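First subunit A sits with subunit B, and in the next complex the same chain sits with subunit C.
Entry: the complex of A and B
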């Protein structure tokens, strides 16, 4: 079972290509990250109480999403540089 | 409150009402007469300046320019007009009661007179790159799409799409119809943004107005022509102005020093130094603040999609404001970073695929960048080298004044870290990119609003000068402004002979486009000419490099003989000759001899000729019908967005 996910990811990459996969996933992750960051800043702009309330929820998912976003961006750029 | 005595710790004035300069007793004559004189002076002086300027215009003949640029053909009345404006503004900004309408009037008149003169006296839009930008807009308007694989700048198409929309809405034939007035338009847009920005960075209203004047008189970079940079600079100003107006953090940096672990005396000293001017933050509702944030993000998104550099300068300024606890939106730089990274990695792949390695290799080459931006450009004719040195001196002078202003503010008991940080924030980018030798110019531009504010502090509040009667206290500052104004005309318009394009050249290109079938090769002796403004993708444009510019007709013929093309054309224009004269220091007559020599080639036939241009075609054994060229890469110097021409320290 533990090999199913990596194998599926590998198959997906080889079938669709890195660019297509990161484009699709990247757009989803980007929209989520940008939307959540915007929501967080709007909450900050509205006031400290609002920020505390919103940040409590957003911060839980923000870190992994930001990580995913960075991985996707890095892989896309490396794909251009590496032969 | 603003006695201005050097060395004294002067309490900060509040923003409104404006601090009054004490009226010298010797000026306290009949109050009614004085009030009348004060009321009449601005309209009279502004009308006088406009009148002198209007008289000057017919006397300005751009064709007579030498390598010093526009200043070489300006009549005395033009200089008098500028002096009248400068003196009038100087008097107005040091009067006991500020007349804001008059100050706005002076600034608007200055923008129109100085930034708008070329639009009137020249018969076609200046800058070769303006014509290229019109070509991008024409492409979008005609095809309804962009072509990032064909042209790098299409990877950031926001400005061009907006331009196409404007051309459509206004029913114009081409963006060229409005391009010449871009500097005036963008100058007038920058004015309110600057005033809003300044009044939130300093409480002294005289300083605010003086800084605005210094900005416009210090902006010799001239990146306000019809280009994405001009619009994006406005975006930059508006974003920073909104941040400091509505999202300022009360308390800010000094609050950090109220920490229990910091000794009270140290904390009090630091807090005293770092405490900014008492500027009220406008009261806003939570909904209004949310709306303002959305405005910032929308403008930044527009900037990300329309310019390569500006988003980074905006991000740098936002980071500086957050680090110094000047604004409350601490997460905004992260959001900005995500937006710009997303655009680069998803929307500019066509550009990055060919250039990422080169771009990465420039990181950390600070010395090389500086060399490329300054040292390599000190060449050309003797007069042009004078212009280059004038630009260097002017730039260092503005920065020197800013340094003096910073020290003067410090001496008055205020360590303005925010303004200083915003002023230096653009410079670290020099270590990341040379930007085709233009990064230093862009760094100057983005630091100028804040450098101008610091520089204004050298004369506002007016320093008390020993042995100078109080009534003449403004005189040294006005004299300094006059010197800067004179230098400005040399530095801003120093390349004008090259930047100047004529209707005759435009006409020659029209004839060329009529004659050249799709898929033809169009060759010029340099990239400086008004072409590419329509049917950009129909032809391959090849501007010959400097190495074969003059004296090597065979090299040009070799390029024209390329069998890949059904027909090959050579266009030689006045602007190319000016480029060769100014930037390579050709001896007088060399360009004309070169043109005659090429034209005399038996392999070429003359298609069209007027006073400013010749169009020649290579004679082939057979002249096949033109095949559609489709979208193809340019083989010349057009591919990189890093080679945007404009007034530079030297040849681009």
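Entry: the complex of A and C
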């Protein structure tokens, strides 16, 4: 699966360009990260039981998405810095 | 050897922790699907997103997978049953894998780096999910078992790789140089083969069993998602090869209880598929 996805991603890159991909699909990731952080804080505010169950679930989902967030930011920065 | 009171206490604690009122009976795949409508609905949405990816609507696929993640979090907040939560987290890993692979492109580092970054993110997710869900390494299929059987299963990757290279030409290319080759081999074994097997034939059966299902149900569900994830190749001969391969991998996982043999086979297969076309051409 991970070997198939880069082919689909490179097709999308060649079709749309890096800026367009990170400004559309990338924005979905950024919104997800922001939304999940918000949800985590709401869960924390509701009480210890919700904090344990929901916040920990969100933590699991957040960890790989934060990795994606870092990759998107790095891509954008390198695209600006590199000729 | 005499067991001390502390040893007995620890053993009792472990047994109580593993005690599952549903362990005495296991639901059939149909019963389990009927008892877990959330899994079926969100699983169907993920399969739909794979079709969108296959037909070139990558951004739409990312959006659908994003909505699935939001839905899974809402459902996780509503679900009281901890084991059901585990099956939702397994589905989330599939959605996240597709989101990262499409939405986080790297315009440098060749074609192997995106495989490594996507795989590393998912490994991190599984590493965080396993202790949260109380899944041991054995439950995830990370056990050596019989080394001879493991090696024999791994060797099956050679004919599979040759067939794959023959049927599916356009595969990620390896950069020239010995270091790049070693890096590619490590990437394919660790971040492609191991991640695939750990998620689809490790995490899925483990969480389904925890949620009262049969191990068969989990392996079948994981293998179905694994095959669906190959749809974006749009290569009918390659998918036709991978369907029986996936079923065989599922049978091996069921028989040996380990994902290491199939990881070895998938890794060998991928390395051959990546290197053989370049070797023949050049």
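The working rule: the second predicted complex is superposed on the first by the 79 of 83 C-alpha atoms of A that agree within 3 Å, B and C clash if a C-alpha of one lies under 4 Å from a C-alpha of the other, contacts with A are read in each partner's own complex, and residues count from 1 in each chain.
We adopt the following convention: a contact is a pair of C-beta atoms (placed from the backbone, for glycine too) under 8 Å apart; a residue touches a chain by one contact, two chains touch by 3 or more.
As the structure is a computational prediction, the values presented were derived from the model and not from experiment.
Student: Do subunit B and subunit C fit side by side on subunit A after the overlay, or clash?
Tutor: Here subunit B and subunit C can both sit on subunit A without a clash.
Student: Does subunit B (first) or subunit C (second) touch A:71, or do both, or does neither?
Tutor: second
Student: May I ask you to decide whether A:26 touches subunit B, subunit C, both, or neither, giving the answer as first, second, both or neither?
Tutor: both
Student: For A:41, select first, second, both or neither according to whether it touches subunit B, subunit C, the two together, or no partner.
Tutor: First partner only, subunit B.
Student: Please work out whether A:80 is in contact with subunit B alone, subunit C alone, both, or neither, and reply first, second, both or neither.
Tutor: first
Student: Is the number of subunit A residues in contact higher for subunit B or for subunit C?
Tutor: When the residues of subunit A touched by each partner are counted, C comes out ahead.
Student: Report, please, how wide the angle is at the C-alpha centre of subunit A between subunit B and subunit C, in steps of 10 degrees.
Tutor: 160
Student: Taking the superposition as given, tell me the minimum C-alpha spacing from subunit B to subunit C, whole angstrom.
Tutor: The answer for the closest subunit B-subunit C C-alpha pair is 14 Å.
Student: Same subunit A residues contacting subunit B and subunit C, which ones?
Tutor: Shared contact residues on subunit A: 26, 50, 72.
Student: In their complex, what parts of subunit C are in touch with subunit A?
Tutor: Touch list, subunit C to subunit A: 53-54, 56, 58-59, 62-63, 66, 69-70, 72-73, 76-77, 82, 85, 88-89, 92-93, 96-108, 111, 114-115, 117-122, 124-125, 128-129, 132, 170-172, 188, 191-192, 195-196, 200, 226, 229-230, 232-233, 270.
Student: Help me check something: in the complex, which residues belonging to subunit A touch subunit B?
Tutor: Answer in residue numbers: 19, 23, 26-27, 30, 33-34, 37-38, 40-42, 44-47, 50, 69, 72-73, 76-77, 80-81.
Student: Which of the residues in subunit A come into contact with subunit C in the complex?
Tutor: 1-13, 15-16, 18, 21-22, 24-26, 28-29, 31-32, 35-36, 39, 43, 50, 53-54, 56-61, 63-65, 67-68, 71-72, 74-75, 78-79, 82
Student: What residues on subunit B touch subunit A, complex-wise?
Tutor: Of all residues in subunit B, those touching subunit A are 247, 286-287, 289-290, 292-294, 297, 328-332, 334-335, 338-339, 341-342, 345-346, 349, 352-353, 356-357, 360.
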